[in-house]
Structures are given as C-alpha cells and as structure tokens.
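Paired with chain B in one complex and with chain C in the other, chain A is shared by the two complexes that follow.
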Partner chain A sequence: MTISTFVFKNALRNKRRAVLSVSSVAVSLFLLVTLQVALRELTLPPPSAGAELRVAVRNKISLTNPLPARQRGIIERISGVQAVSPFTWFGGRYKNEEGMSFAQFAMDPVELRPLFGEARMSREGYEKFAADRDACVLGKITAEKYHLKVGDAMRLDSTIYPGSLTFHIAGIYSGTPDDRNMFFRQDYLDESIGTPGYVGMWWLKVKTADDMAPVIKAVNAAFQNTSAEVRAESERNFQLGFISMLGNVKKLIASISTVVVFTLVLVSASTMSMAVRERFRELAVLKALGFRRRELFAFILAESFGLAAAGGLLGIGGAYAIFTFGDVGKMTQGIFVSFEVTPRIMGLAALVAAVLGIVSALAPALSVARMSVVNGLKTLD
Partner chain B sequence: MALPLTYNFRNVLVRWRSTLATIVGIALVVAVFVLVQSLAVGLEKSAANTGDPRNLMLVRKGSTAESTSLVSLEQLRILHYWPQIARDAAGQPVISADLICLISQPRIDGHGEANVSVRGVSPLGVALRPQVKLVSGRWFTPGRREVTVSHKLASRFAGFAVGDTFRTAGKAVTVVGKFDGGNSAFDSEVWMDADEARALFDRDEYSSFLVRTTSPEAGQALISRIEADRRLTLLAEPEVKYYGDQTATALPIRMLGNFLATAMSIGAVFAAMNTMYASVGARTREIGTLRVLGFRRRTILAGFVVEGALLAAIGGALGCRLALPMHGVSTGTMSFNSFSETVFQFRITPWLAAKGMIFAVVVGVIGSLLPAIRAARLPVITALKSV
Partner chain C sequence: MSGAALLLKTISPFAQCRGFRGRMARRQIELFSSGPPSLLYFVAETIVQIRELTKIYAQGEIQVTALDRISLEIAAGEFLALMGPSGSGKSTLLHIIAGVDRPTSGECRVQGVNVTRLNESELADWRNHNVGFIFQTFNLIPVLTAAENVELPLLLTRLGRRERHRQVETALALVGLGDRAKHLPRQLSGGQEQRVAIARALVTDPALIVADEPTGNLDSHSAQEVLAVLQSLRSDAGKTVIMVTHDPKAAAFGTRQIHLEKGELSP
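This part shows the complex of A and B:
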C-alpha cells in the first residue's frame, strides 16, 4: 500500500462523514461564491462597449429633477460632442403588473445608433424607429418574456406622467449588458403630455476618448448659474453613483460572507479533529512504528486538504454551473441579470477552501504530535 | 422516559468539545438569519408606523410614489370648501399641500452621494403629523430658505448639522433644527416650507395633499366623493394605508434572507448530522447498555432527537443573543418606492427571535433524525461488543 492510497482510504473510511464534510464545505463555498457575485454585480455593473465615449448629464439637484429641452442646442455646439439625445425615464407598468419589470426611456430616434452602437438590431428596425412616431425598440429579454415580436403593440401606464401610451415595436435589440430596456421617442411623449419643454436627462457621445474630460467640463460650465444646473459625468461614474445610493447593502453582504467563512472553518475544523480523534490509536501505532511527526502531519493534512478540495470543487463548480447555465433573471425576479461567476471570485473561493484544509488539519495534527505513544495506545475513544 | 432524557442532556454537557463547534455553528447561522430578517422587519415597521389614522393622503391617480405625483393648486382650491375636511380654530381647513423633491447629497463618510427626500410642508403640515417631534434647534420659518432635518438622516449625510448650510438648486439652504420621526418614514426626510420649496425647485405644482377629516365616516365620504369626481384625477387613501403599502424595498431583503437561511441551514444540518453521528458512534456501548436495561428503541430514538434539538436550541438562543446588540441600530439603503435614501432600524421582535429558535430546532431535529434512527436500530449484542 502506498502512502497516497493510505491517505485516500483513511479519508473514505467513514464514508458518511466524508460525504457530510464535503457537502457542508460545498454548500458553504456555494454560498460564498453567490454572495461575492451578488456583491460584485451590485458594486461593479458590467461595463458596456462604447461606455468610454458616453456622458450622462443630469440635473444637479438630483436625477429625478427634469432638464429644460432648450439646453440641447447649447450642448450640441460644444466641441467634441458627436451625438446628443434626451433620455427620459417613463416609469411605465406593463399589463397592470404590480412592479416595473423593465425600464423605458424616451429618446431621439436618430441618435439611438450613434449613442448605443453596440446594440444589435436590424436596419429595418432603425428605419422604422426613425419613421413612426409611436415606434419603440425593445430588448430581447423583455420581448421573449412577454412573447412580443416586431409589429406588436404594447400599452404602458406611466407612474410619472398622467395616462398611458401605446407603442408599436419597430425592432428588437440584443448585445448590451442588459437587454431588457425599451426605448421610444421623446416627441411621442411630448405630444401626449402637451410638450412641457422638459426632458429627464441628456445622454451624449463624444468623438474620442480625449474629448471626454473637456466635454464634461464644458457641459457643467455651460449651465452654471442657470435655472437648471447640470452634473455631467462619464457613463461609468454615473453607474457608480447609483451604487453609492444602495447605502449599507455592501457592508451587509460583506459581513455575511465573513460569517459564512468563519462558520465554515469552525465546522470543518471540528469534523476534522473528530476524524483524527477517532483514530488516535492507529496514529500512535504509526508513531511507534517509526513514522515521524512530520509524516503524520502530512497524512492528516493531505486528508483534510483533500476533503476541502472536493467540497470546494463541488461548491464552486456547482455555483458556476447554476449561474452560467441557469436563468438568474428568473430566479431573482429580475434583480440580477448576468450574475457572472468570474475567475477572480472562483479563485477567492478556492483559496478559502485551501486555507480551510490547512487550518482544519492544524489542531488535530498538533495534538497528535504532542501525544506520547503510550497515551495514544491507551486511548479508547 | 426520564432516564434517557437526563442521559442525553448530560451528554451535551459532558462531550462539550465536540458539541461546542456545532452549537456555535448553528448560533452563527441563526444570527445571520435573524439579522437579515430583522432588516426586512425594520423596513416594514417603519412603513407601517407612519401616519395618523385621522388623516387622508391624496396623490395623483396612477403615481406609485409621492415624489412622482403631481397635484395642482386648482385641486387644492376645490378641496378647500369640502365639508368633510376638519377646520382648525381659525376656521381654516386642515390641509397640508406638500412638495416632495429629491436632492443629491454627499454622504458623511465621503463615499459618494445619494438622493434625499426634501418635503415642503404647508403651515399645518407639522401639526398633522404628531409623531414627528423636534429634538434640537427649531422648526423652519415659513418664508425662509431653512430646513429642519431628521436627526437620523443628519448622521448619514454631510452638511446636515444644525447651523450648517448646503447648496441645492444653486441656492444656499440653512439647517436650523433636527426632528425625530418616531421610527417612521419621516425619519428619512428633510422638511421645509412648501412654498419656499416650490420656489427653490421651480415647481408650479405640489406632490400630495394631507387632510384631516372630521370623522371616519366623513373620511369614507371624502374617498367616495374623490373617486366619483373625474375632474380631480386624485386617489385618496388613509395615510396609514398609503405608507403601509410602501414596502417594495423589503422584498429583495426578504429574498436574500430566505436564500441565506436555506443555504446556510443545509450546511448546518450537515454539520449537526456529523456531530450527532460521531456522538452516536462514540456511545454505541452505552446505547447497548440502555437497551439491555429495557429502554425501547423509540425511547432511544426520541432521546437522540431531543438531544439534537436541545443542542440546536442552545445554538439558537446563542444566535439570537449574538444578533440582539444590533437591535435598534440605524442603517439605510435606497428605497425602491421613493428612489431616495430610506433610514430604518434592525428590529428583532420577539416573534422574529421565536422564528430563529424554531429554525434552529428544525435544523437540530433534521440533523439528528438519521443518527438517532441509527442509534435505535443498533443490535444490542453488537452494540455491547463494540469497543
């Protein structure tokens, strides 16, 4: 019998315990991965292509305050600006649903492609959107969810504007980080509410990455000391601003992860020492046979490490499989869309598993190292 | 029956080393469960705690939040003459026309900004909400660009100390006092004069009307009258009901809590099973002895299940104890209803603690059931022979 088969046989000698230990490690690591992915999704939204050229402009008071439509001409004249579109939150509810399951924004139809070029949609879709006043374009996820196709009508009740609007789907797009949103025409909205002369935000595209900082500065300066001061920022910073609004959620999830890891270490360490205590006598025999402390420690470490590794593989692999091939949007009722298990998170979980394997071996190994052969042989338990 | 119970109970104490890890493990699981659920409870409580039963809240039909509702001065003038609305000593109808505006304010710790609800209230607005009490400084003076802030918000945002000024809409606003909202939704608000707010934020309209009715019957009559009057396009609801329904933010927290509880309890069941199997294994001879003494299989089964439940109950109690210091601690997140910072407290209610205990005991029972069955099924002779 080689040393490795010896370790292997020992680990599986009490099959029930091995299975239970591996499962509890697996469940905990699954949980850890899930929490870390959730934390990452909440704090670092997936970057979208073209974001480095986009600028979001909102009212300086807050996002919910509108901006006067007359600002557009001033923004368009700023050098470095390639495209400008209004971007107005409609807050519509579809089919009398309790909550809002997708966001809708009013835009300038001609500027959709220059601004969000990464979205894939047919040419007819763009043409139709530019031609028909009541046209809208819809993200693939939402279209599939409600079984909607090009040409269908959809009615939305706004929670912000009085009444409701009916749209006709001109195209269905995909390829953005969140293919759920719906875009429709600002002029259609204006018409229905009597053209009050306000938009929600401005969304701009700059010509080159070098234009970004000067354009942001120029836009901010252009409306200083006017009735509607603005805050222009890069799309990325705008997204990060949203995250800051989530407040203490980040701290909450981080602390839960810590508790999970701690519980995991505790429980596995206890299981491991149980396994070792059970065969104190055998270890004493090994010692008597001339095995050194170092070798005994290696046996215990190898076993504990092996169990932790198996648990880690199962937990991390399981999380990867579920979140990559499962429909997270459905599972979380639309709170999370992509839920990507990154190599970094898997690495972190694997590291926790490895540390766990080592730490759990320490205490039993120490007591084995300390025991005298005579005492060990005497042990009954 | 008495003997195996004492036997099992003393076992928990005697084999403390192997059981301690399980107890602490279960305690941590229960603590996490109770803490996350206490957040959801806190949010719901703060919503349920808001409003005065004598008040009606009027918002635009179809709006889901006060901040997106628009009501007009004309509507206010119509309401003025309705007999269902109570009148104050001066004979004026008790109505507060409020404006809600969200402002983006820097957090006190320097980590970014968040939206804060500013409520412009009419002169009667403060008296209409008796749960809101001034704690320091003074109330804002109508006609001045002054605000009185919730002291709970003041501890979260920069520029909200009494005497501070902050800039919004291009103007300087002075903080003159702090109030306490009595753990209600008003704890997440900054209050100022309604007409000053309309001027500051350049709004023609208000967001909502809060009215005091002369009697509950008059309230009902007012609700039906508004429903019947198509020209008003208003929705009237008891203030308490309006706020009580604003609990959408609690849903994702509940989901997180349930997910964590499920996943962690599976882990905890495995851990408990491990401990109990080991404990049954180590006591094989003793179990055999008990059988020889005449104790029946089901007595032994029950004894081990009780031992597991007891172990878990100790863990559960410890977990609740661990979570308890967080009770009443303020925290905040963005409300999905108002789209602004909402401040609320961890609320560990007796019922929640009981749920935590039940949860722990269920974990203990499930975790010890299989080991207990194994113990009960041990053949007497083999059990006695085992070392």
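This part shows the complex of A and C:
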C-alpha cells in the first residue's frame, strides 16, 4: 500500500457521497464554463475577415433614426471609399414566430460582393440577386434551420414597416462568422412601402486599412450641421458599441458565476467536513500511530483536491467536448453560432476547482490539527 | 553480552541518523558513556519511570484530579496490568506513558526519554518508533485490508515496499493471521480484528505495547486468545506490555498488577 492508495481508498469509502460530490463539482464547473463562454461570445464577437476595412455609418441621434438616401452620392465621392451600400433593418418575423431568429437587411445587390467578400456563395446566386427585384440571399444556418433552398419563397411580416414582403431565395451563403442573416434589395423595400428616400444605415468598404481613419473623419465631417448628422465608425467599434448595451447581461452572468462558485465552495466544504467528522476517531488513531498534523492535513487536502479535480475534469472536459464537437447552433436554437471553450476559460475553471479543493480541506484539516489524540479516541465509545 | 551492551549495540547505528531518532540515540549513548553505574542500570532495566505525576482536568470552574502525584517504575519485559474502577485514572496514566496525553506536573520517562518535554512532532515520531497501541474497539480502518492496516505505521518509515511487506507478513504470522492478510475488517471476527490490531502495534517493533481494555469487546474465548498473544509478546519477544483492564481474569495474565483508586496507587 502507498500513501496515495490510502488516500484513494478513503476518498471512495462512501461511494455514493463521492459520486455526488464529484457530480456537483462537475455540473457546477460545466455551468461556470458555459456562462463564461457565453459571456465571451456576447462581448467578443468573432472577428470577421474584411471587417478591418468596413465602416458602419448611422444617424448620430440614434440607431433607429433613418438616414436620407441622398447621402450615398456624397459618401461615394469621399477619397478612399471603395463600396457603399444601404443597410436597412427590416425586423421581419418568419412563419409568425414569436421572436426573430435571424436578422434581415435591405441593401444594394451589386455591392454585396465587394462589401462582404469573405462570404462564399455561387456566382449564379450573386447574379440572380442582382437581377431579380424580390431576390434575397440567406445564411446557411437559417436555410438549414427552416429547410429552405434556392428558389424557395419566404414571406416576412415586418415589425417596423407596414405589411409583409415575399422573397425568393437567390443564393445561400456561408463562411462568415454569423451565417444566419438574410439580405434583400433596398429598391424592393422602397417600392413596397411606397416611401423611398430613406435607409437605415450605410455600410462602406474602404480601399486600404490606411484609409479607415481618414474616411471615418471625412464621412462625419461631410454631414456635420445637416439635418441628418451621422456617426461613422469601424465595423468592430460598431459591434462593441452594440455589445456595451448588454452591460446588465454581463453583470447578470458575472453574478450567476459568482453564486455558482460560492455555492460550490459551501457544498464541497460541507461534504469534506462531514467526511472528516465521520472519521475523527480513525484520524485520532492515525495520530496515535505517529502520523503528524502535516501528514493528516496532506491526507485531507489530497482527498479534497482529488474529488475537486475529478469533478473539474468531468465538468470542464464535458463542456469542451460538447461545445467543440456538438452543434452549438442547434443547441442554442441559433442564438450562438460559435461557442469556443478557450484555454483561458478552461484554466479559470481549473483554478476554481483547485481553490475549491484547498478551501474545502481547510476547515476539517484545522479541526483535525486541533484535535487531541485522547479527545479523538473518546469519540470511539 | 550484558543487556546494557546489547542496547548500546542496537542504538549505535541510529546515532548517525538525522532528526529525533538520531538525537534520542545520541542522548542514550551519552548516558551510557558518562552516566553513573546506577543510571546505566536504569537505562537497561527500567523502561518507564514516573515521578510525582499529576493530571488535573479543568471542566469549567471545576477541577478534577485524574492522577495525584503518582510515582511508578516499570521494568523492561514486564506485563503490567493496570486495574481500577471507572474514573480511577488508569487510562489517563496509560495515555501519558504512551505519549498521547500530557501531565499537569511531574515527569514520565520512557526508555530514558522524558516524553513530557517532547513537542507534538517529536512525540508523534517517538510514538511511531517506540509504542504500539491496542484499543478496546480495535480501531482498524474499515476500507483497508488486514495487511494494509498493519502496514499503516510503516508508511511513516523509510522502508521500501518489499521490506514493509515482509514485516507485515511477520507481524500477521506472529498473531496467527497470516492467511487473513487480504481480508477486510468486516470479514473478520472480533478476536481476529483485535489480533490484527496487535500485529499493527507490533509491526514497527516497539519496546512498549500499551493496551486499553483489549478484551473489553470480546467473548471469553477470543479474550483468552488475545491475552495469550500479549503474554507471548512479553515472554517470547521481550516486549513490555502495559494493559488497562477491569477484568481480574485478564489481569491475571500480567506479571504484575497495579490498582488505581481516585487517581492514586492503592497498595
């Protein structure tokens, strides 16, 4: 027998409790990892190839205020601008669903490719999109979710504009960080609602990264002191600004994570205390046989650490396996397209497990250290 | 070879050791080399020397005197039966001799070492090397086999696995349980469990075996077996055995009986 065999046998002496302890740690750490990944995905959307050359232009008053379509000509003339397209949020519901599981934007069909070149779609798709007024292109995730294919019709009821619009799918794209969105033609929207002349936003592409700052400055300056002042910013900054509106969600997730960890510590400490209290007399016997405080402390610590490590391994490993090899889009019903369990998050969870193992061992170890052999032996009778 | 010379020969290799065991061996050699003849005699023949030992327990404002200025000498190789009614202080005396309790005043020397002066860590080390414990309720670890229970005290030594196994086998064979090494405590009878506990007490080859009511939880047949083993430890292995008991029949196995009454030795 070795010391580790002794610790192992002690840890598993009450198998049901050991399994429950490991399970509680595993489930809690799985939850912690999930929350941390969700927080990361919400606050750090995956960078898109080409995003470093794209600029989002919105009404300076608010995102919901439209911009006059006449601004396009002025923007196109700014040096360094390669492509400009309207980008109008439609807010449509598909099949009378309660919420919107994918976004729809009206834009210039010709500028789709120059703007979002990283998207993969057939040449026929682009051509059809440019040719047919009611054409749209759809992200692969949404197409798969609703079993839609090229040529199918889609009817969307707008929550912003009166009435509904029917579209025909010209192409299905993939290869972007978020293959859920739908794009259709601005002119189709203008004609349908009967009030042309306004767009939601402008989305531009600059020629080189060096053009980014001057273009942003020039666009902002171009509409200063007009009836529709704009706020231009890089696509990345626009996304981060959007995310900053999730401030409360971040706090909520952080709070839940803290509660999870704190509860976990309480449960584990209680379990370890119970396990040690049941063995008080045995520990007194070990002391009588010559085991010192530090050796008994090491036994308790090793047992506690072992249970926490086993739980950690299961929880973290399980989260990694599920979120890496599972279909996150399906699992989250399209809310998250990627759900990356990063080494940093795994390290954080492992650290929590390690601290948990140590903290849980402290109280019982201290009580054992303070226990005299005689008092410990008295618990025998 | 005289007993003193034999002891000197035994402890000399340990004088090179670091830590408590080395210090204790060097102290004993010092006693042999420079002490007067009476001291030499004491080291060789008297294993326990107790002087004016008092133990007072404070229970709130009430003070209970468990041991009242007891003086006692126990010779090496004795089988001493400590008798007395409940609360007479016999277990307290046993605990102090075994180094698991401390007296309020007085001195307790075991093999020349004043155990009342050792700190916690030194005392633990000393117990591991010099005292074997046998308890009334056996106190075996239920998840360990008989052999693993016996091996426990050896985990604190520097012995290799093979040497540990050899010593465990010897100890179990000595108590007649060589064929039960793989059995868990629950698979053994009470008498067998107590014999495993005796093997555990023996395995480090301590000079002193202390037994607190070792037959208290056994039927008369098993009690006889256990007492016979303890007796043979004294007669065949030369161990000093100190046993606390209520039972006059068990006490009769001892070479000497001492009665305690209200914390004092009664004549």
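Basically, the second predicted complex is superposed on the first by the 362 of 381 C-alpha atoms of A that agree within 3 Å, B and C clash if a C-alpha of one lies under 4 Å from a C-alpha of the other, contacts with A are read in each partner's own complex, and residues count from 1 in each chain.
Here is the rule we use: a residue touches a chain if its C-beta (ideal position, glycine included) is under 8 Å from a C-beta of that chain, and two chains touch if they have at least 3 such contacts.
Since this is a predicted model, take the numbers as computed values, not measurements.
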| item | value |
| --- | --- |
| Partners on chain A (chain B, chain C) - clash or fit | fit |
| First, second, both or neither for A:V373, with chain B first and chain C second | second |
| A:S23 touches, of chain B and chain C: first, second, both or neither? | first |
| Degrees between the directions from chain A toward chain B and toward chain C, using C-alpha centres, nearest 10 | 90 |
| First (chain B), second (chain C), both or neither touched by A:F6 | second |
| Touching partner for A:T43 - first (chain B), second (chain C), both, neither | neither |
| Which of chain B and chain C A:Q239 touches, first, second, both or neither | neither |
| Which superposed partner A:V285 touches (first chain B, second chain C, both, neither) | second |
| A:S101 touches, of chain B and chain C: first, second, both or neither? | neither |
| More chain A residues in contact [chain B versus chain C] | B |
| Minimal inter-chain CA distance - chain C and chain B, angstrom | 9 |
| Chain A residues contacted in one complex by chain B, in the other by chain C | 380-381 |
| Partner chain B, residues of chain A touching it in the complex | 16-17, 20-21, 23-24, 27-28, 30-31, 34, 60-65, 91, 99, 157-160, 162-163, 225, 227, 229, 231, 240-241, 243-249, 252, 256, 259-260, 262-264, 266-267, 269-271, 274, 278, 332-333, 335, 380-381 |
| Sites on chain B touched by chain A in the complex | 18, 20-22, 24-25, 28-29, 31-32, 36, 39, 60-65, 67-68, 101-104, 107, 111-115, 168-170, 201-202, 233, 248, 252, 255, 259-260, 263-264, 266-267, 270-271, 273-275, 277-278, 281-282, 331-334, 339, 341, 387 |
| Chain A contact footprint on chain C (complex, rising order) | 95, 98, 100-101, 120-121, 124-125, 127-129, 133, 135-137, 139, 141-144, 147-148, 151-153, 155-156, 161, 200 |
| Complex interface listing, chain A residues touching chain C | 1-3, 5-6, 9-10, 12-13, 281-282, 285-293, 295, 372-374, 377, 380-381 |
